[in-house]
Amino acid sequence: MQPNPLRYCFESGATALGGWLNLPSSTGAEIMAGLDLDYVVVDMQHGLIDYSDSLTLLASIAGHSVTAVVRVPWNAPDHVGKALDAGAMGLIIPMVNSEAECRQAVESASYPPHGRRSYGPSRAAIVEGPEYFDVAQVSIIPMIETSEALDNLDAILSVNGIAAVYVGPADLAISMGFKPGSDDPAFLTALDLIVTRSDAHGVVPGIHATTATAADRLKRGFRMVTITTDLVALRTKLAEDVTLVRAGLVGDTTQSY
Amino acid sequence: MQPNPLRYCFESGATALGGWLNLPSSTGAEIMAGLDLDYVVVDMQHGLIDYSDSLTLLASIAGHSVTAVVRVPWNAPDHVGKALDAGAMGLIIPMVNSEAECRQAVESASYPPHGRRSYGPSRAAIVEGPEYFDVAQVSIIPMIETSEALDNLDAILSVNGIAAVYVGPADLAISMGFKPGSDDPAFLTALDLIVTRSDAHGVVPGIHATTATAADRLKRGFRMVTITTDLVALRTKLAEDVTLVRAGLVGDTTQSY
Amino acid sequence: MQPNPLRYCFESGATALGGWLNLPSSTGAEIMAGLDLDYVVVDMQHGLIDYSDSLTLLASIAGHSVTAVVRVPWNAPDHVGKALDAGAMGLIIPMVNSEAECRQAVESASYPPHGRRSYGPSRAAIVEGPEYFDVAQVSIIPMIETSEALDNLDAILSVNGIAAVYVGPADLAISMGFKPGSDDPAFLTALDLIVTRSDAHGVVPGIHATTATAADRLKRGFRMVTITTDLVALRTKLAEDVTLVRAGLVGDTTQSY
Amino acid sequence: MQPNPLRYCFESGATALGGWLNLPSSTGAEIMAGLDLDYVVVDMQHGLIDYSDSLTLLASIAGHSVTAVVRVPWNAPDHVGKALDAGAMGLIIPMVNSEAECRQAVESASYPPHGRRSYGPSRAAIVEGPEYFDVAQVSIIPMIETSEALDNLDAILSVNGIAAVYVGPADLAISMGFKPGSDDPAFLTALDLIVTRSDAHGVVPGIHATTATAADRLKRGFRMVTITTDLVALRTKLAEDVTLVRAGLVGDTTQSY
Amino acid sequence: MQPNPLRYCFESGATALGGWLNLPSSTGAEIMAGLDLDYVVVDMQHGLIDYSDSLTLLASIAGHSVTAVVRVPWNAPDHVGKALDAGAMGLIIPMVNSEAECRQAVESASYPPHGRRSYGPSRAAIVEGPEYFDVAQVSIIPMIETSEALDNLDAILSVNGIAAVYVGPADLAISMGFKPGSDDPAFLTALDLIVTRSDAHGVVPGIHATTATAADRLKRGFRMVTITTDLVALRTKLAEDVTLVRAGLVGDTTQSY
Amino acid sequence: MQPNPLRYCFESGATALGGWLNLPSSTGAEIMAGLDLDYVVVDMQHGLIDYSDSLTLLASIAGHSVTAVVRVPWNAPDHVGKALDAGAMGLIIPMVNSEAECRQAVESASYPPHGRRSYGPSRAAIVEGPEYFDVAQVSIIPMIETSEALDNLDAILSVNGIAAVYVGPADLAISMGFKPGSDDPAFLTALDLIVTRSDAHGVVPGIHATTATAADRLKRGFRMVTITTDLVALRTKLAEDVTLVRAGLVGDTTQSY
């Protein structure tokens, strides 16, 4: 049985910090999982990661003190089932905009009588042990990322079986008529509303952040906050490195060719 | 025919800056190749990269304004031949410690009568064009990274057919009795000697560096300087990100679990 | 054109025995396909296998005297179409719970006017030959694995175009309120009902079994019985081997570290 | 920002010729993208290509003067989103048979307020640049390949946001009761109708062709014509080569074994 | 046990025709192996193929009536051993220029007392059966491709254990001072010499050819002739297709963009 | 820093039991590493495993309480260096037949001044920590598997830096004129000699075994014994399963087709 700090945080009220994988690199996953984090997300929606990659990444994360979470590409039973059979102990489901869609997400992730998940936990039973069927406590985490979801917020939050909700700020901003990276007051008010209503329903409020926005999100009361992403870190640092050295090359500040 | 800024730098006397790939990520390669660099190295020696990966990385680098270079795992004709057939236009060969080893490196990379390379430029002929056999100007770059190589420096530099030498500072330091990252005066003197002797032989002095050491290496006269590495950039930035956010979490400065 | 013993069994009334692949190992597939079996299933639902893996596995199975069957991850036209284009000559479709779902499965697998399959049998036309479009006799095999499917059994069995049904005993047991591995009389009665009704409709009754349960399932009249699974065989044997040797090490019966 | 000749053709009225990839070979993609073509299609429906392969193929196409197009396996938001995030600048969507399905295709490919695409252009932002969100002009191209689609032709063509339609002649023929490769007058009349109505709606008429049928399709007024496919080219040429040489072996015209 | 037509040809005096794989495509391998050929070569020297690819290709070739041959990247025991363990029943070894190098090739491929091959035929024992160690009759085929090898021809041909020699005409031409594709009389005389001397030693003369040169090579007496290569076929046909269609587009004979 | 039970056994005198991986399956590696074993070997010589696979397997083994060992394909510095950089903490080197070859093995695996390993522990530094260079205690384990090695046994055992020797019984038997699986007295005497001399030199005697031979090998005094292999376990169990069920099918004891 793997450690499950995300679940611990959810149950104890502690704040969970996470890292995000967009690259299909097992070494990147080992680096991320070795940091002082509570969960690591394998992003199969916008990440450059498919099912086979996810198996490799999950195997690379295992053995570290972080919960392995998968964001599935879509709220569909095949994606949900395969991610869980692969051993995900947390599941972020994008574009959950209504109570019905939330209920569908929970049902896809739960065995009868609570849902319609099909039995066959190939890798999950290997890493979580033979009692996986009885005791597995997967954290089901629908995303709130549209105006429509905001309109249906209380209905979504009242669905049995969800541990947290996870805000996709770029999509939420776009859906509200802003751009990715918005800090419009209306947008920030929406974030606060999600925290307040989640707390009221006993659901953990979570959000996708960057190292730059994490402090603000934590201050607003989010208790599951993703603070860094491999692809962003790589792009940012490489560009910084090149800019820095080029700047020091007097009279030769651009590519020589 | 792909652009070859590394060759242009070598011929014009301009300084070439490069990026280094240790991860088998095509997206990482696209990011690196899109920066303001003259060459990108696919490291098959210490990088987590095998031959199939190298094909993907070289295809991802192609179409950008950088020269694709491969560091082969060892000074052996099979490694050299496959890297060239895959389309490498620069070749860094590790552990060249004597004139004989240098000659062997050149011969492995050259068709008769200059060497013993076998003909069959599968991908090279696709990206460099049908006249590849006649005009291909691959830059052959042996590494100087042991005391033994220092002892044989002039002999190595006098071998016909090499465009540059490339210092491996960690191995050179270890070989001299220091640790990786050394800045012992004896070590720095060795660096200067390599620059001086290379210049004397009309061979470009190159060196592996980091963003931190690049300025010093450039000042010393190296004209082929690798300034950033994907794996290092990723590790560094992710660790910084987590440390920064954790530090802001008062009363919760370590993993919650 | 590949041999099709599964089809032969279905048509002759002989019993078909099969092997099940959960691992994406081409060598495992070659081993399985070399055994005295009638069909081998590439399990894309609970197996650790994605589409690319399935191509490799199907190429590894080809040339052996077994029918290549694919279990798709879900009853959806994209999954069905890609598995058939890849050359599957049998198709197991999970979670078919109603006549409408069964009809959808058949339509996804059939060209017009019988269905809505899109034309483009990339690999199928290579291994089955140019007349694939006219004569291909793919065996369409919906799964019966819920109480709901039991309720709709006759309606499902009456859908034109299905060759067999395939019981998923773990899911059926869970759906009936039991645990995987159940041998509750009510569960066994359900199995017998499926055999009886299938026979009445001229549909072959099939079931997922283990080496331990196969004899019972065969006795009950199932005529398509999967008797072994690579992942289960590997786990079981390795654990047995280690237990056996450890037991012989007197005074050292657990890991030394 | 990559060159976009397909878009240029669409806007200038020029005819676009394309190549089609069914094999997951990065070298095949480099060969195809190096030819005198306007677009190259990565076929994820009938091609032997999955999501990871598509990333490699798109990286291999980049840097050439062709537009990278993806045919998704199905008209579904997860497939559409992942293809666009991977950097496809053209999108062929199969089996669009009604105005509603066409609208759904457009919405899956468009950010709010025009659609429901989720934001996270992982690779697209790398190769197209930071302003991808604002200026990206992806060409959305639904397929017309059934009688039902013919019946709904004007309704489909009137949906806002589509740049072209793309005829799947094999499926269209089958749906009309003919065989793949049909040249029944009724079938050819249907092709002409699609050209006429597309032109009337200001939508570019496109079609899948072979080298043999291309001239006819161009003459009929199609302005986006795929003229060659890697898998077909490979099969055809290899078979021709072997036949040719065997024919020259007097008294030994078949396999010796 | 797989069919071994190459061996049959060698023993019966029949001429063996072969196909050559430079691409790591399992589907390409299935196409090639389905043609009227006696052997198919997985080229690990100049092909874009590594060890893992070779396993997939060998599994795709198995089950067809052709002998699976591997050209190893170099005359080295690790390459030879792994290719044989993977199930190659023919072995082409490049750059065998002396009796000693030929002896080394044979020893790398033979178990004691005839050589130094290490035992562990992982896949070979699966596809060739349990008696592989006793009866395996691998065809060892050194390449003749340099002037040096010509000088040592009789010595090379007299080494016990080789079934054939295989001429690499491009390398041989280059080594003799000509270009790849040479038909200089001196070069053709060398070919004839190789045939004559091989026949004298009871060794089959083989050669790498193209569809264009095959007839000439067969006429000269070569009895193992490779007549087509996947990569060449693909490049040639695609270029022809595009040229043909472009030529038909009056007033628009080049890329529109 | 990963746990290192193999090292612990070597230092404490406890017996180390191991599992062997011949299949490139990350799930197989997770299963094996989860058993009650002290070490797991990734076999790159006879296993169906290449360098990229080894990275995945090593990442899958990490986090379990076993030492990750790699058997390299050959006693060559490139293989040794890449295995160590990938994080192997034990290294089995085949075909070490003399003191000079043993010395070369040790030098390939050791940094100066003890050897010639090149510095760049890409993955090793991630999983073993920043102090890897100073404290890494890799266990270097040459194989004894020929008569020649027996002749040079004391010389080999006296080389500084080896922790154990590892007998390859199949090769040793073949080299002595027997078959794999031999239990000829002369062969068994050789085993006993290896144990005695190893003990005398303070080197741990190790051997490759099966579940069937393990007890005997342990009784003879071997203290590093591999007791099970994934590929063997899979083949054995699948064949047993099929035989068992077929035997129960009265009147139908072979494949129906």
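Every chain is named by a letter (A, B, C, D, E and F) in the order it is written, and numbering of its residues begins at 1.
In this section, contacts are C-beta pairs under 8 Å (C-beta built on N, C-alpha and C of every residue); 3 or more make two chains touch, one makes a residue touch a chain.
Just so it is clear, the model here is predicted, and its values are computed rather than measured.
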item	value
Set of chains whose contacts include both chain F and chain E	B, C
Repeat of the E-F interface, chosen from B-F, B-D or C-F (over half of contact pairs identical by residue number)	B-F
Interface residue overlap between copies chain A and chain D, same or different (over half shared)	different
Geometric centre distance via CA averages, chain E-chain D, whole Å	37
Chain centre separation (chain C, chain D; CA means) in Å	34
Residue numbers of chain E (touch at least two other chains)	24, 27, 31, 48, 50, 52, 55, 76, 122-123, 126, 231, 235
Touch relationships between chains, expressed as pairs	A-B, A-C, A-D, A-F, B-D, B-E, B-F, C-D, C-E, C-F, D-E, E-F
Residues of chain B defined as touching chain F within the complex	22, 24, 45-48, 50, 52-53, 73-74, 76, 79, 94-95, 145-146, 168, 170-171, 174-175, 177, 179-180, 231, 235
List of chain D residues in touch with chain B within their complex	26-27, 29-31, 34, 55-56, 59-60, 62-64, 122-123, 126-127
Chain F - residues contacting chain C, complex	3-5, 8-9, 12, 14-17, 19, 23-25, 27-28, 31-32, 35-38, 48, 65, 211, 214-215, 218, 227-228, 230-231, 233-246, 248-249, 252, 254-257
Interfacial residue positions of chain C with respect to chain D in the complex	50-52, 55, 76-78, 81-82, 85-86, 111-113, 116, 118-123, 126, 133
